[in-house]
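In what follows, chain A forms one complex with chain B and a second complex with chain C.
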Partner chain A sequence: MESHIQTLMEVLQQTKGYIYPNEVELHWGLLVVVYPYVTGLVAGAFILASLERVFNVREVQPTYRLSLLTALAFLLVAPLPLLAHLGHPERSFEIFLTPNLNSAMAMFGFVYAWYLAVVLLLEIWFDYRKDAVIWSRHETGFRRLVHRVFTLGANDLSEHAVRFDRSAGKFITVIGIPSAFLLHGYVGFIFGSVKANPWWSSVLIPVVFLFSAMVSGIALILILYMLTSLFRRMEIDMRCADKLGSFLFYALIIDFSLEMLDFIHRLYEAEESIGILSQMISSRLFISLVVLQILLGTVVPLVLLGIFSPAFHTRAFVHAPAELRRLIYFCAAILIEVGIFSTRWNVVIGGQIFSKSLRGLTVYKVELLGLEGLLTSVFLLILPFVILYVLVKFLPPWPEAEAAAPSEPNS
Partner chain B sequence: MKGPESETMPDSRATGGGANQPVDRREFLSRSLPAGWVLLAAFTGCGGEPSAPAGGSEASAREAGSAPDSGSQAPASEVETSAARDPLAGYDPSQHKYAMAIDVDRCIGCGRCVEACKTENDVPREPFYFRTWIERYVIQRNGNTVVTSPNGGISGFPPVEEAEILRTFFVPKLCNHCDHPPCVQVCPVGATFKTEDGVVLVDHDYCIGCRYCIQACPYGARFLHPVTRTAEKCTFCYHRLVKGLVPACVEMCPTQARIFGELNARSSPLARFQRMHKIQTLKSHLNTEPKVLYANLDGEVS
Partner chain C sequence: MRQQVSRLTVLFVILIGALVAARIFLVPETFGELGHFRAAAIGDIADLQVKYAGRAACAECHTDVEETRLAGRHASVSCEACHGPAADHAEDPMARQPEKPVGRALCTLCHGYDPSRPTGFPQIDPAIHNPLQPCTACHQPHAPEPPVTPEGCSGCHGQIARTKAVSHHALLPCTTCHTVEEEHKLNPSASRPTKPAARSFCGRCHAPDATPPPDIIQQVPRVDLATHGGHYVCWQCHYPHFPELR
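The block that comes next holds the complex of A and B.
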């Protein structure tokens, strides 16, 4: 606590203009930045998976299962940053038991449980059940046990049963799309409904969150698909990569348009908060908003994808060899991830850097250690990849694993 | 001196049958926790109607909460014993509706109210934890406004350094005990609640420390207590109100810039103040309906 007080004393020295005395401490820090970022990846990855299932975009089929497992791995981590930032994590179950039904945040548990239990787990189960049954028949030891438990005793491999799996999976995906929208739109609503805060209070925030979620989810799957192919020494399906690049471009265009709409709308209305917000953007948020989010995270990837991906025609504006296209897609996706993380940062931290008196700015100092420190956030961003690694070991998402059912799965 | 826990908890019991009664809810929960877990497990397992178990708990909690007040179910002797134990038993919140008025022209920025508040409520002494504070506005001829609040104004203010001053004044700030409190709306567990007599309180044994209420407060009136790790704010010195006393800041103000009383009474210092002054509230466009009423407030104050 002493170091915390010391930090606040330093912050007090660095404030500019007048802020309410209680605003020296910035309450939603790095962990609350991580939370919408992770949730967005879940929603985005799931929506990508639904492209193949519901909208019959055959090209992205190689990433279908990977998207589902990625969504699950990140969803399992999603509540952890929230839990770690609570003053009393041990009381968090009260949100489930006695929620205040008027509170946007109280719905988190229910939205989360719905998405986890009804959408993701069920869809993965239906999708993998047949394979798990076949795998378990040819395996021994722990893997056999895991796959047997996974099947929950449903070992029917008849054509009728497999067909049912497929149609049930499709039905759940249809439910899953609005659920994914709900999950992340809801996170946006938590911020967008705070009327006390002019930076957050916007009806566009949930929509912007949704499209930025799609952008970050597709970019993540693109990165994972390329990296896993590289490590598995498998050829990247360029039809799939091109399609992912195109979808990334479309989603990014919509996301950027919405953000610009929000920006221009604020500027044109020029309400009383405009002065302090402009001051904040040109000073405290310049690097994270103008450089990272807009320039590097949006404009550069848009140009790259617009030129080199077949987003407008079957051919790109500039036809680059496959190897170069892969590199461009990969770089664009990495830039996009940095940009979307900056977006979350700018929303969460930006909303607290200016005073509600509209007369001053404070600073945010990231602490290294402690439950709300930098290390915890880094750990929570790495953890989903560890979970994904384990999931992939037991539920290999590769097309050849599915086909080669009777033999040892190639993971 | 009273600690935060001892202050709000008995009050919430005293207020009895209010809709948001965390204490009663908790008592109810401790009795029915196993059933709650079964409901939760059933819900998470089958993904059923989300609000069903919650709504059930809420309704039952209200029933459980109203039982002690009605006295219809408890034996008379038991009620008497509990009344003897509880010094607040004679207080009837339904008979009150509190508000505070502030005459900006009377405030001299001495900081006695801030000191009284910190002492009375055991507020941490560091310069970023305040239940009440004073701001000084210095408006210069060029239209520039300089606002300061060194250590919340607890030790008064240094001499004005700005040149070409048009006007200057002090504004005491505190929780506005809004009639439509955004903090109460957003609290995910109902730990922040509005009592029947209109005061907004925090149940420190129930608050999970999510800080959504701090974000939702337009007035910067809340903070997270560094020791209890729960949300903190002005309570109008509720522990004093139930004993018929006024808040510490009101009592200590040497110029009677703060007037406290019944909002609905026809004859009270507050009613008289409202008759004699034009009244404004802070950030009225947000429709929070504050119950801290300002007279002679300058348009520069936000």
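The block that comes next holds the complex of A and C.
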């Protein structure tokens, strides 16, 4: 008991003002920051994929399959931070067996399952089925087995069947867009519906989450597209890169406007929490919110993309050579990723470091080791790329890997 | 039916079937009887070992302490809040003696100074309130005395008052050396108390031929003001609230 009290006293010395005893230690740490970040990347990547399929934005076609696979790789990792945070991952399936309709968190399992099984896997299946059938005919060993299992034995390559694949894929994408909105809007809803927390409780939070998800997803695909082209020694399609840069600009400006609207609304309302929130922003969150999220993560990329991407006209304000534009897009996308991670940090950690007494601030120190430590978070952020590598090995998303339609109408 | 649809239908039927089977075999029997939980869990929890005995159990043996505590300001503080869980001690008093908090950490959890605590709640700043002393050296935790509200000078100059209280000048009222106008109590910075400005002031007690109050005369150190200290005023070298020389 004495040692517990000593530990508590040490932590208390780092707090400022008055906080309730149960607020000294943050209950949601770095892993809960990683969770909405990864989920946002899933939703953003999928919405980008839908641009090509549903809205016929032909320029982004080279990233269509890459977006789907990226969304899948990140979706597979999305629940892991929660499982690591909650502990007892072996019990997680129970939320499916005993669904609790009154719990928004428990319902996430169903939103996740719907999005994984009904939207993403089905869309990938329909999109790759024809190729997988053709690949499996020319392969041997393990790859052949994987592709044969992937097709589920549906090896009909007739024109009707292939057309059905396309129609079904498009239909699923149409369902997938609201599902992607649901997936990440839901994550925002979890925070926005905590009415006791003035930092979270806002109807704008789900919408802000959604648009920041789109921003982070598009930026991630832009980075991946450039890096994979570099490693494959393939020329980057600048029409695609320009279009991605433009969409990134549009999404970012909506996201920034919504965040500012939320900010101004809070300032104008000036509820009793405004004092402690201002204090928090100017002290504990200054670097992560003002510097990383707003300045480096939003304003700088907005200026870069606004000037160099063809967001307003068919030509950019400043016409830079392709190589420079690629560099600028890449830097802007990296800054955006850092900025969006800071956004998640500011929401999750910011909502817990001020006291609900509105009279004090606590501290959050990231631990290095341990299940909720920095290393686990870094591992969970690297894991999707490893999964994506494996997926890309078996389901190459490159246009040149697409199998030509066979001459025989049916196998 | 198209081949793709039929294969997917089979797959989804298998998955949904697996879910239904899992529900049948894995959901505990008593789940949902009383709410969204396993009703039998109540029995499991009831079987857990009890760690806290409760104050009534303590009072059965420690009647004197209980009476003292109930009459004092810690009446609402449970015994095990300070002494830790003691169900095993209540069961078998010889098995283990409950902890006796030592040091200052436990008391200051409630009584350490915090601006948002209610006015009048006894609070101290552990850094300057008798540091290194365990709280129980002065305070009886079962019947803590209400703090005396400082009056006069010690109301604001508590640290000086406490220092002086253990010094050789303990018996001297502040006004022996300082002249304080009434205005100082209302507006401290507008009217400042005087400080002795001449060596002869201290000499009233410490000069060889001085006549200090008769009850302390034999203990007063004497010094020849003509040769000691040059032209310095005494308090430039000696701290009068805690004079070091006898």
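Quick notes on this one:
One rule holds for everything that comes next: the second predicted complex is superposed on the first by the 387 of 411 C-alpha atoms of A that agree within 3 Å, B and C clash if a C-alpha of one lies under 4 Å from a C-alpha of the other, contacts with A are read in each partner's own complex, and residues count from 1 in each chain.
The rule we apply is simple: a contact is a pair of C-beta atoms (placed from the backbone, for glycine too) under 8 Å apart; a residue touches a chain by one contact, two chains touch by 3 or more.
These numbers were taken from a predicted model, which means no experiment stands behind them.
Superposition note: with chain A as the common reference, chain B and chain C are in steric clash.
Within the superposed three-chain model, A:F126 lies in touch with chain C and out of touch with chain B [touch as defined at top].
Shared-chain residue A:F108: touches chain B; no touch with chain C. In the superposed pair of complexes, A:D156 makes contact with chain C only, with no contact to chain B. Of the two partner chains placed around the shared chain by superposition, chain B is the only one that A:L86 touches, whereas chain C remains out of contact. Touch criterion met: A:Y20 reaches chain B, while chain C stays clear of it.
Of the two partner chains, chain C is the only one that A:D165 touches; chain B does not reach it. In the superposed model, A:V194 lies in contact with chain B only, and not with chain C.
Once the two complexes are laid over each other on the shared chain, residue contacts for A:K356 go to chain B alone; chain C is not touched.
Judged by the touch definition given at the top, the superposed model places A:N100 against both chain B and chain C. Counting residues of chain A touched by each partner, chain B versus chain C, the larger count belongs to B. According to the touch criterion, the shared surface of chain A, contacted by chain B in one complex and chain C in the other, consists of residues 1, 5, 8-9, 18, 94, 96-98, 100, 102, 117, 357, 359. If you check the complex, the residues on chain A that touch chain B are 1, 4-5, 8-9, 12, 18-25, 27-28, 82, 85-89, 91-92, 94-108, 110-111, 113-114, 117-118, 190, 194-197, 351-352, 355-359. The touching residues of chain C, counted against chain A in their complex, run 2-4, 6-8, 10-11, 15, 19, 22-23, 26-27, 31-32, 36, 84, 99, 101-103, 105-106, 108-109, 114-117. Taken in their complex, chain B has these residues touching chain A: 20, 22, 25, 29, 36, 40, 43-47, 50-51, 54-55, 57-58, 61, 126-130, 133, 135, 145-149, 151-152, 173, 182, 184-190, 206-212, 214-224, 226-230, 286, 302. The residues of chain A lying in touch with chain C in their complex are 1-2, 5-6, 8-9, 17-18, 93-94, 96-98, 100, 102, 117, 122, 125-126, 129, 152-156, 161, 164-165, 168, 357, 359-360.
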